[in-house]
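Note that the chains are named A, B, C and D in the order they appear, and that numbering of residues resets to 1 at the start of each chain.
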Amino acid sequence: MLGFGLIGTGFMGKAHALAYRTASAVMGDIPGVRLQTVCDVPTDRAEAMARQLGFARATDNWRNVIDDPAVDIISVTTPNALHHEMTLAAITAGKHIHCEKPLALTLKEAEEMADAARAAGTRTMVGYNYIQNPAVLHAQTLINSGRIGRVVHFRGCVDEDYQADPDLPWTWRARRADAGLGTLGDLGCHLVSIAHTLMGPINSLIADTQIIHKSRPLPDGSGRAEVENEDTASAIVRFANGAQGSICSSRSAWGRKNKLDWEVHGTAGMIAFSQERLNELQLYLNEGPKSEQGFRTILTGPEHQPYGQFCPAPGHQLGFGDLKIIEVAQFIRAIVEGREAFPNFTDALGFERVIHAIDQSARDGRRVEL
Amino acid sequence: MLGFGLIGTGFMGKAHALAYRTASAVMGDIPGVRLQTVCDVPTDRAEAMARQLGFARATDNWRNVIDDPAVDIISVTTPNALHHEMTLAAITAGKHIHCEKPLALTLKEAEEMADAARAAGTRTMVGYNYIQNPAVLHAQTLINSGRIGRVVHFRGCVDEDYQADPDLPWTWRARRADAGLGTLGDLGCHLVSIAHTLMGPINSLIADTQIIHKSRPLPDGSGRAEVENEDTASAIVRFANGAQGSICSSRSAWGRKNKLDWEVHGTAGMIAFSQERLNELQLYLNEGPKSEQGFRTILTGPEHQPYGQFCPAPGHQLGFGDLKIIEVAQFIRAIVEGREAFPNFTDALGFERVIHAIDQSARDGRRVEL
Amino acid sequence: MLGFGLIGTGFMGKAHALAYRTASAVMGDIPGVRLQTVCDVPTDRAEAMARQLGFARATDNWRNVIDDPAVDIISVTTPNALHHEMTLAAITAGKHIHCEKPLALTLKEAEEMADAARAAGTRTMVGYNYIQNPAVLHAQTLINSGRIGRVVHFRGCVDEDYQADPDLPWTWRARRADAGLGTLGDLGCHLVSIAHTLMGPINSLIADTQIIHKSRPLPDGSGRAEVENEDTASAIVRFANGAQGSICSSRSAWGRKNKLDWEVHGTAGMIAFSQERLNELQLYLNEGPKSEQGFRTILTGPEHQPYGQFCPAPGHQLGFGDLKIIEVAQFIRAIVEGREAFPNFTDALGFERVIHAIDQSARDGRRVEL
Amino acid sequence: MLGFGLIGTGFMGKAHALAYRTASAVMGDIPGVRLQTVCDVPTDRAEAMARQLGFARATDNWRNVIDDPAVDIISVTTPNALHHEMTLAAITAGKHIHCEKPLALTLKEAEEMADAARAAGTRTMVGYNYIQNPAVLHAQTLINSGRIGRVVHFRGCVDEDYQADPDLPWTWRARRADAGLGTLGDLGCHLVSIAHTLMGPINSLIADTQIIHKSRPLPDGSGRAEVENEDTASAIVRFANGAQGSICSSRSAWGRKNKLDWEVHGTAGMIAFSQERLNELQLYLNEGPKSEQGFRTILTGPEHQPYGQFCPAPGHQLGFGDLKIIEVAQFIRAIVEGREAFPNFTDALGFERVIHAIDQSARDGRRVEL
């Protein structure tokens, strides 16, 4: 049995706790996990969540999680500004670390985190959970096996509408010093993780960004404050493999709840996907009679592992939480087998270099090489 | 803490165990559950699944689950022919019972089970999990609030393709004495549970059924054996509320993996749903300018409880396993609050009367009153 | 050049005139058509439509169309109650007749029309235009070539919402003596034409119908009048080839504008179609790796003739009017080649026997043999 | 009656002839058109098409069309390289000109054409037919009325697969001197016409392009020749109204037959559209209860004019040819009313400046101001 500690019990903290509780029972091939110490503030909150989620101990001091000798793996799911300090401390303590994305507010911090993890030899995992989807893994398999020929182009958009309403009050999320990037840090990096996984690394890009709602009302009614980070971002990228592509993101796109649409163009076919229908993969192959060609909708099933660990019948569908279970299981397997997980801090740093390059290019008006 | 026992560790048994392990951590408002005794055969299998799923004890004798004083709730997920004996024994032992659908092979057995549960005052729940979907619950809310006017018509189809291949070998599932009904027992009853929940009870019907593959090869190559239960079923129903509707099901429908499509016609709008996209509800309202009317795709979100217990953001999607967690939580709440859950054995009996009536009508060629 | 006469200049009359004007220019392989005489009432209307549509002469007396020696082909697009007298007169005059569906209010009248046409040896065509769609013709080709194996089941629904509003005033369409059947005559017969074309004839059926809005307000505000014909109809059918199927129709289905959905189940695959997306055919084949199987959306293109006569590139889409052009071209080819068109009066009579059988079964509560 | 002349009888030439034959009969409010002279080479081809399409005269010399005094309107549907000379001659002859897009191979030529038309006061129309779609016109109405708030972002892609196959032989279309731009000229300009119509003019952009298949086999087997124009193009644009957006196009995107997808983001809602489903408009409005919000699919109908001239019932669908009829009717109305049509040569020049700016930016690696 492995011991698990959690810092932060918001949406993602709960998702981590549920996944660590459950992964072994779902998968059958990995050790069980004991939920040891959970941290949140104030203490009441920590204790309530410990009861609900099944942790042995609660604390309002995150260093107690790191110092807990019963803890082998620590999930850091606090606001992004806190990842850097917490993960560095956990690395120093020799823990394996599962950090939510993005790694940090700045590239410099992210680099320090990746460097420290590499130096310490501790295992790391970053919560780019959409690349753990069996549908995406199947896309990767198809691409790697040459099923759609040589990959030559990529398109992707990732949109939500949580900042679409002009009347939403200003929060710290709008300040660069507290929140870092805007839609790029929240959403765009997910899309980059997909692009990178399916197409390989991005070499260079040009980009533009836009702040749609330039100020927002202060919650206390005392006026308005400036929004400092981008609502939308658009980039045109060149991959190391010679392909081009485009990437866009908006956090102010009405009606989009978890749109993360992408398509990979090959010389013999195309693969397309939409996260709002996460159990469906679209595949077009230039084979067979022209009169019968068309995009086919593949419903994820036991042919697309590890779907079968959840359900032996296709079309029954995995949910958001199941993707987190798969991610956790991948991490535990890597720990047990003594190898790196994907994506570890270094991989995630690679993704996040891209979103910062997009920001840079938009500011400078020039192509950025990576 | 409640004690949980499980009989049967196939697909549904595992789904039950995962849901009982997790429901309290997801929901926060219900007591935790201890996994006590699990039964399967042979003993090796039971022990392996106990380890994987986290049960304290394993057995190859189902009566040990029932006799375990630490067990408060028993899930019966064995083949349908075994439900009757096991649930009656569990009722006698005073356990609360969570039984997979359908209740039994015959109506007579199902009636005995419902009668026994009522007489004993034990709580029961039957695994019609698709009616626990927040999208379906929202449909129910819309209908009950009159949002689509008076409901006047229902349409539904439930199809899969697990018996579509003509070359599949014969199994016991094809024999009435062992398996009971065909597609009606496997799939049709799910659709009836939806129709009943949204439209109220069915009063009478006419129906027809079809065996597409009249015989199948015996697995040992010694010839072919007859298929005794239906591949497809179609019924035209009259509801107690005066509406009509149609219901169809096939287990031999190529490409359908978990198609459970239905629509409710109202005098002011329509609601439509497809289980293969279980996080989407289609709603048409005759309101606003005609030039802007259209079916809208509502992505399930925290406005559709208990989705928010899983995820605070819409569009992130629940999966099959999450519906089972909701079902388990409903059952635990009913137990704790000392009231009946929905659907209990009596409710389920009501659903299953309909599938047997469809079978009866198809055999007799006459309208069957319920 | 062939001479064309038209009786009735409503929606369908205009559609016929446009198609006859255009078919030769589209197709290239059929003679041109001169628009000779058009009839409507009052005279002003007839003259205005003659000018707009390009007819040489206008009249308010339909017998003038029939008596016009320059007219070879007559389209009858008047209200259904008038088809019988007009087509019989046209047959007597030796004209080729293109009649809108349904043939007549009663089966008896339809039989007389089919008998008279056969006896006179004149060519006939009935406006079941949805079976002229290249997507449907491709479905037929796939089925006939065994691409989806043996066909074993059929499902279809045809719905609109033109009678969904409870407040719509009463019209003559609600009276059986004037309008004949309700949704079956307007919509249901289209679906039967598809079922018949793809599956072969229907042998017997059981059915039920429903009048949702039992009375409607009189337009003059003097009270309410009874609705005599059905708003919905549902039938379970047996085909001559041994397959079963279900058929439903509603004219009171909010949000459905031209829903005519059907699917053909085969032992090796499935074909599905939705008229609201008339340029898309869904095909599932049980071939290739399971992990790549899925319904494919085939966009109609030049591989699906006669699409290529309209456009050499797939995905550019045909519209409703184009289907009528294809129908007219089929009819002209049959006339020129001296053979029967499909569907002629006898074919259409076969379709319409089914809708009357559905009405009969719903009234009698018994299976009707055809 | 207006006299019509046609130069070029390929796909677009036929589409123009059919539309001019039919527009008056469809619309009712515009004068009829006589098809006078048609030109193609060789003479046989011209004569055959004259017979099929209904022209009075055929010629293999395009100047005969321009010199024909019975001709008021000339459609130029020849290969793009010929537009410049032919339209300038037609302008000189005082004809009204309907030219297919793009106007010319180079901006310089296009400017000369627009200048000449303005100077001569002749009416012009360019075949950007997708902006004539009632669904697109409805989008424009919604946007202009503020229904989705302030428009803040645009996304669009236009893809086909006619150059996806690596084994296709080299043609003149791959040579800049003959064909001008690649996917930008064929497809990209359509998308720009939409963006411009819905969002207003584009001020500046950055872009990148890609030649996927760098050479192709010569048809005579004598080796391979270079492809000089782009297979894909991507641009990030800034609109005069302050919004940003992205535009992409590929002619090598397997499975895309006529994908022209775009979405307009507003501060109160979103509109999305896909040309492969040209009768559907997607609309999301942030109004009403959150639990009922979703993208609605509006099926084009008589509320979206001029759909009703084709069909009085929604959901019956217009096709590609119908959009050309609407375009022709718009042009004839402008001629009759003595005003400019949209888009005339000057409007089209505005669109085409954008595709040339995309090409320029991709070559220079810098932002291009318009």
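Here is the rule we use: a residue touches a chain if its C-beta (ideal position, glycine included) is under 8 Å from a C-beta of that chain, and two chains touch if they have at least 3 such contacts.
Predicted, not measured: the structure shown is a model, and the values here were computed from it.
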Worksheet item: Where the contacts of chain B and chain C overlap, which chains show up?
Response: A, D
Item to complete: Report which of A-D and A-C is connected by more C-beta pairs in contact.
Response: A-D
Worksheet item: Counting in whole Å, what is the centre-to-centre distance of chain A and chain C, each centre being its mean C-alpha position?
Response: 53
Item to complete: Quick one: report the Å distance separating chain A from chain B, using the average Cα coordinate of each chain.
Response: 34
Fill in: Distance between chain centroids, defined by C-alpha means - chain A, chain D (Å)
40
Worksheet item: Can you list the residues of chain A that touch 2 or more other chains?
Response: 256, 285, 293-295, 299, 301
Worksheet item: If each chain is a dot and touching chains are joined, what shape do you get: line, ring, star, complete or other?
Response: complete
Item to complete: Mind listing the chain C positions that touch chain D in their complex?
Response: 11, 15, 17-18, 21-22, 24-26, 28, 32, 52-54, 160, 162, 256-259, 276-278, 299, 301, 310-322
Worksheet item: What residues of chain A sit close enough to touch chain D in their complex?
Response: 148-149, 152-153, 155, 157, 164-166, 206-210, 212-213, 232, 234-236, 238, 243-246, 248, 250, 252-256, 265-270, 284-286, 293-295, 365, 367
Worksheet item: Within the complex, which stretch of chain C touches chain A?
Response: 138, 142, 147, 281, 283, 285, 289-299, 301, 303-304
